[in-house]
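The following blocks contain the structures, represented as structure tokens.
Okay, so subunit A shows up in both of these, paired with subunit B first and subunit C after.
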Partner chain A sequence: MRPFTYERPTDVAAAVKAVAATPGAKFLAGGTNLLDLMKLDIEQPTHLVDVNRLPLSGIEDTPEGGLRIGAMVTNSHLAADARVRQRYSVLTQAIVSGGSGQLRNKATTGGNLLQRTRCAYFYDPSKPCNKRHPGSGCSAIDGLNRNSAIFGASDACIATHPSDMAVALTALGAQLETMTADGATRTLAVADLHRLPGDTPEIETNLASGELITAVVLSPAPAGGQVYRKARDRAAYAGGLASVAVVGQQVAFGAVAHKPWRAERTEGALKSGAGAVEAAHAELAGAQDNGKNGFKIALVARMTADALRQASEGRGA
Partner chain B sequence: MSSVKDWAAPNPVTENRSGIIGKGVDRYEGKLKVTGTAAYAYEVEPPSPPAYGYLLAATIARGRITAIDTGAAETSPGVKLVWTHLNVPAQARRGERINPRSQRPSNPALASDRIEFFGQPVAFVAADTWENARAAANLVQVSYAAEPAVLDFRASLETAEMPHGEEDVLIGDFEGAYAKAPAQIDETYFSPLQNHVQMEPCATTAWWEGDKVTVHTSIQMVKGGQHSLAETLAIPSDRVHLLTRYIGGGFGGKGQAYDDLVLAALGAQALGQPVKLAYTRQQMFQATIHRPAVSMRVRLGAEPDGRLNAFAVEAVTHCARSAPFVEHAANFSRNLYAAPNRLTGHRLVKMDIPHAGPMRAPGEASGMLSLECAMDELAEKLGIDPIELRLRNEPEVDPETGKPFSIRQLTECLNTGAQRFGWSRRNPKPGQVRDGRWLVGMGMAAAIRGNFLLPAKAGVRIDGTGVVTLRQGMTDIGTGTYTILAQITAETMGVTMDQVKIELGDSEFPPAPGSGGQFGAATAGSAAFEANMNLRKALAELAIGDPNSPLYGGDPTYVTFGNGNIAIENRSESLATLVSRAAPEGVYVEGSISPAADARDYSQHTYGGHFAEVGVDTVTGEVRMRKMFGVFAAGRILNAKTAKSQVTGGMIWGVGTALTEGNVVDNRYGSFINQDMAGYLVPTHADIVDLDAIFLDEADDKANPMGIKGVGELGICGAGAAVANAIYNACGVRLRDFPMTPDKVLEGLMAKGL
Partner chain C sequence: MKTTITVNGQARSLDLDTRTSLLDALREHLNLKGSKKGCDHGQCGACTVLVNGVRINSCLSLAVMHDGDEVTTIEGIGGEENLHPMQQAFLVQDAFQCGYCTPGQICSAVGMLKEAAQNWPSQASEDLTGAIALTDAEIRERMSGNICRCSAYPQIIAAIRDVAGDVA
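Moving on, here comes the complex of A and B:
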């Protein structure tokens, strides 16, 4: 950890301005990922702008019948909210399958979306990694890459995004509200937040410098069952080997790509009347086995087919 | 030297008049630990403000340092010193031993430009804060000349050699008998390299007073650590005062000293200021010892009725090129099942990875994963229940040596376990029991682990208030040593637990060998018992010889101790009254224990039976525990709570071994892929839903005066095999490659068309 300066503003515009004005500045929310990475010298912010005092901790009903979730709502509060549990059960299922109770108590909605990959090589500063040192190479491609991407990977990076919550939000078609450095606000889809690695895996999102996520907005959930399924090595406190979120006929995969993966081909197949197994395979036909992660292709196909069956019966997991 | 016959006589512990022995007494130091007031090595307050150290680790597996630039680190804020092999103070050469009685030789840090494994410390920085030390360490620039390294164990099996000084054990004609056996099993099982993952890292706080150094460090063996540091610094061992009061887990990984000990001591000397130094979590994985991977071939040749006629267990394992260590993974099988024709032995691959070393139940923990799965495979092949197969091969005497067993309750463990667990619910045909998307199955395995007694001493003192203080250079690594020593002392002296004080972990106390090999309770406890018996004798003589005592002139044979009193029939006085009057300065005596001369005439072990029920998710291949039950026979149990905690902890480790735990060397770098607790998966609470264990009534009067045996390692022995066998029973997928992660199980399910 390197020396850094710190401030804790109380209004959103001031926070955004503070990060935009200081090279190397970062927002600090729950700190469950950023602080770990700072201790390992992987993140080296010069200045931290603590957003915990910003008025972004509410969950409000929208006039359209959806929910507007403040970026500072903790994962625990969001998962426990009665409206979320009733109307967006996939989101509760996803959140409680991630991290641990302690982590969810600290982790925030905005921070969860912006957590970085759990690729073991990213966490090991003694190894080349294009995310840490662009151009140094990817240790994972020829390494022990059992938990790497099967969709959208590049020669520069095969890391996956680890969030469970983001997978559910992607399946729900959630929108983000942000404030940019000039104080303007904009909206973008959660599905458009993260980027594929391409040649620049160090650039992980489409947020501009200093841009702050202020809220996640959910439309009324589409009809149909909601299911979140996650496969993992141990029963709790483990990243997914893969996960699947199903909301009616909307489907997203987790831990399979550099971003939460909206399974558009599966959705298309479902619209054309395909059965669960066929629809699941429609997306997996485009998956790539990078050496040691091939099991994920079958795993996701099986989980998707099973989750679609469950959802069609109108059940949660 | 005594004989085991001498131990069979009744004594205060075996008579257990007040009932403290065996009771589930709360931990002696429990309140200190749960309130955060038990000071672990790094937390000990030194006499003046300390400097903080940080180690920089090598990033190649083998080679040498060609250049090392510390300029930027030396001028970094708060830095007090930066050491490398070029400027570290002189230390004795590695392996040197000036005092022939030293238990450990010199173990110098930063000793040369040679790199022998990834993670080896190459620089030491001390600064005013830990953060500044770490920041400076990251500025040290090291250049290496890498050399070819042996890093891939599985690819090196062909190069395995007979370990130095060993030979295979051959009895009868294995090959001939195996060739003729009507039923044969010939399978190879693989268990991965494992890390200890203690909660507390290796850590030292050191300071000097004159020419004497005080070190608080986290180590399982007090004398070993003291001698190792003294030899490294080339000073007499009485100038090293080593303390290790509380230890946050050892599991064998802290049986030796690491570079934190010597560099904290040297740093404190150079700076004239206390120094604290700890390994990081990543360094605990990369730069301490590990349990090596084992590849085991098991061949069983049986008659149709299940009786084994030919039996071979052959282990291939690995160690560091410069640090010979053999994981004796086949040894346990020499005492377990009867078979007239036998072959057991070990082969070793020398590698360029960190040192292999002992980890909880070395030998058994990985070794039993193979044979206890092979027995399950044989049982199925013969259509015999796996418990019945084991009962049919139960030996009457030790199958290798022919020695009588001191006591062997394996059969009782298996039968009792079967009944309590509900083994009769098991469908012997795999893949038959469904619960929604889950397939459910049951498996079992036997457990065996040796019992040991080593030489040890203890000192005990009673003061004028009647408080009895036991002092011993023993350690409590979280197992309950403080507590059982308090129970032994209270019962022997006839006082309540709150009249007893236990002081451990100090090199200036009477020595005990420390914690390891599940010998701690029997060894330290027996010495404590002997010390207390000597104190009884001394107090009896004091009272009988004191004209002011109501016991004056009595017959020492009839002296009894109880309720805080010393008595002969109805003549009594309190211990406090006696001591404050007749020996106001207190009475201090010592006691010692050694193995009996004829102890080796018996085959002496602890035994158990494991029973596991698992669910296999047919969609994902995930395995989740449903139930686990263990029955153990391990001599007299001193504390129902801490003993059960030991065996259930071992069973949980077995679950981890079967399902999640293991590390893998990245063959390009020589580093382990998992180097934190997010990557190396030990079981969480959610993984362990219904797990219980019981002990059978037992006293082993050949073991030691109290008839107790070790329990610290028994629980893990065989546990993982029971889980693996349950997976097979659930879904028909027979895996022989631990851990059995969803990717492997899923592949098996798909191969079966599931």
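Moving on, here comes the complex of A and C:
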């Protein structure tokens, strides 16, 4: 691991200022992804600003009847919160399907959203990767791309976003609160946080340099069931091959694109009165097979139809 | 960088390179070799310790992040003269062969039972809103962050079951 300096501010404005003021600086939250990537020399920060002790670890009721979740709330605490389990069970279902108990005890709400792809070529510094070295090429497009994207990929990158939690938040239509380097705050939808790869797969989010996620805000959940389904190669502690979150008639897919994928065509078909199978296929009609990941198309279609059926029967409501 | 961590009840002051993982601080600087380095990437669980009572992978955390924290390693869980009930149960159930993963398994199991006692849910929980019954399926899922290369899993489940008691 390369040398870096370290500081641990106690207020949000100081943390944001510290990252903005130091070229090569990064925020350090739970560290379960960042430190792993630093050991592999894929992340090379010169300065770490530890945000673990910022006062962002509360979950509050909002006046509108939703929840404001501090960015430093751990995945374990968020999944276990009684209000989340009662009103946003899709979020608990998604979180407990990811990582291990030990990881969820460290991983945070903000950090989970900003974790990086698990594309095997991104993790292998001996291979070209446009995320690690822009312009070097994508090894996955003609390589072992079983885990790659079927939606929104480009000639530069077909990596997927690995978060489960973010898929549930996308289906719930969650909003983010952030603080920018100048101390200003803003809100943006979780759906607008991540970018498609285009020609710049190394730029993964729409956050400005030094901008810190401070909270995730949930509106009251729409009526209906809530279901998170995830397919993976082993029964526990494995990344998803694909996942589906259903909240009433709102639907998002995971591990199929560079960002959590809101299935707007499926939602549109449901509004027009389509059945679960037909609605599922409405989105999958736009999916792309890159050679070894075509199985995801049928997989997601079946999982979606099944999750919609379960939600319509009131599961997770 | 100067860091003070309370390890097994004793305040320990260290002057560390910022890169030092909590695991390396425990093993290489404090000579507590019970916590093991398996994968060093958070995948095997051999490095599991309790920080402020909560189980984490000590390999994926910087020691400097834990200034002021209370860390419990297998050495603090219990020793030859005062075995923790979980250590005793692992012996009785023969829940290991080579023993390399065992300190992490035991720290993880102790932390896991606390989580279950607080009714934290898992992927194996059928009903997220009710009281969770700690079935064998629940124990398996909750211990999935600890790998045993000797595959002593049935005995590990039996040992944890001995401590947890029967499902209500």
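Here, the second predicted complex is superposed on the first by the 315 of 317 C-alpha atoms of A that agree within 3 Å, B and C clash if a C-alpha of one lies under 4 Å from a C-alpha of the other, contacts with A are read in each partner's own complex, and residues count from 1 in each chain.
What we mean here is this: a residue touches a chain if its C-beta (ideal position, glycine included) is under 8 Å from a C-beta of that chain, and two chains touch if they have at least 3 such contacts.
Note that the structure is predicted; figures quoted are calculated from it, not measured.
In the superposed model, A:G101 makes contact with subunit C only, not with subunit B. After overlaying the two complexes on the shared chain, residue contacts for A:S89 are found with subunit C alone; subunit B is out of touch.
Once chain A of one complex is fitted onto chain A of the other, the partner contacts of A:R118 are limited to subunit B, with no touch recorded for subunit C.
Looking at the shared chain after the overlay, A:Y237 reaches both subunit B and subunit C.
Shared interface residues of subunit A (contacting subunit B in one complex, subunit C in the other): 1, 3, 100, 236-237.
By the touch criterion given at the top, residues 1, 17-19, 21, 40-42, 45, 48, 54-57, 60-62, 64-65, 67, 108, 111-112, 115, 118-123, 125, 128-129, 140-146 of subunit C touch subunit A in their complex. Residues 57, 59, 77, 131, 134-135, 138, 282, 437, 617, 619-622, 624, 659-660, 664, 666, 668-669, 671, 673-676, 678-679, 681, 683-687, 741-743, 746-747, 750 of subunit B are the ones that touch subunit A when the two sit in their complex. Of all the residues in subunit A, the ones that touch subunit B in their complex are 1-3, 41, 100, 118, 120, 123-124, 126-127, 139, 142-144, 146, 229, 231-239, 241, 295, 298-299, 302-303, 306. The touching residues of subunit A, when paired with subunit C in their complex, are 1, 3-6, 8, 28, 31-32, 35-36, 39, 48, 50, 52, 76, 79-80, 85-86, 89, 92-93, 96-97, 99-103, 105-106, 236-237, 316.
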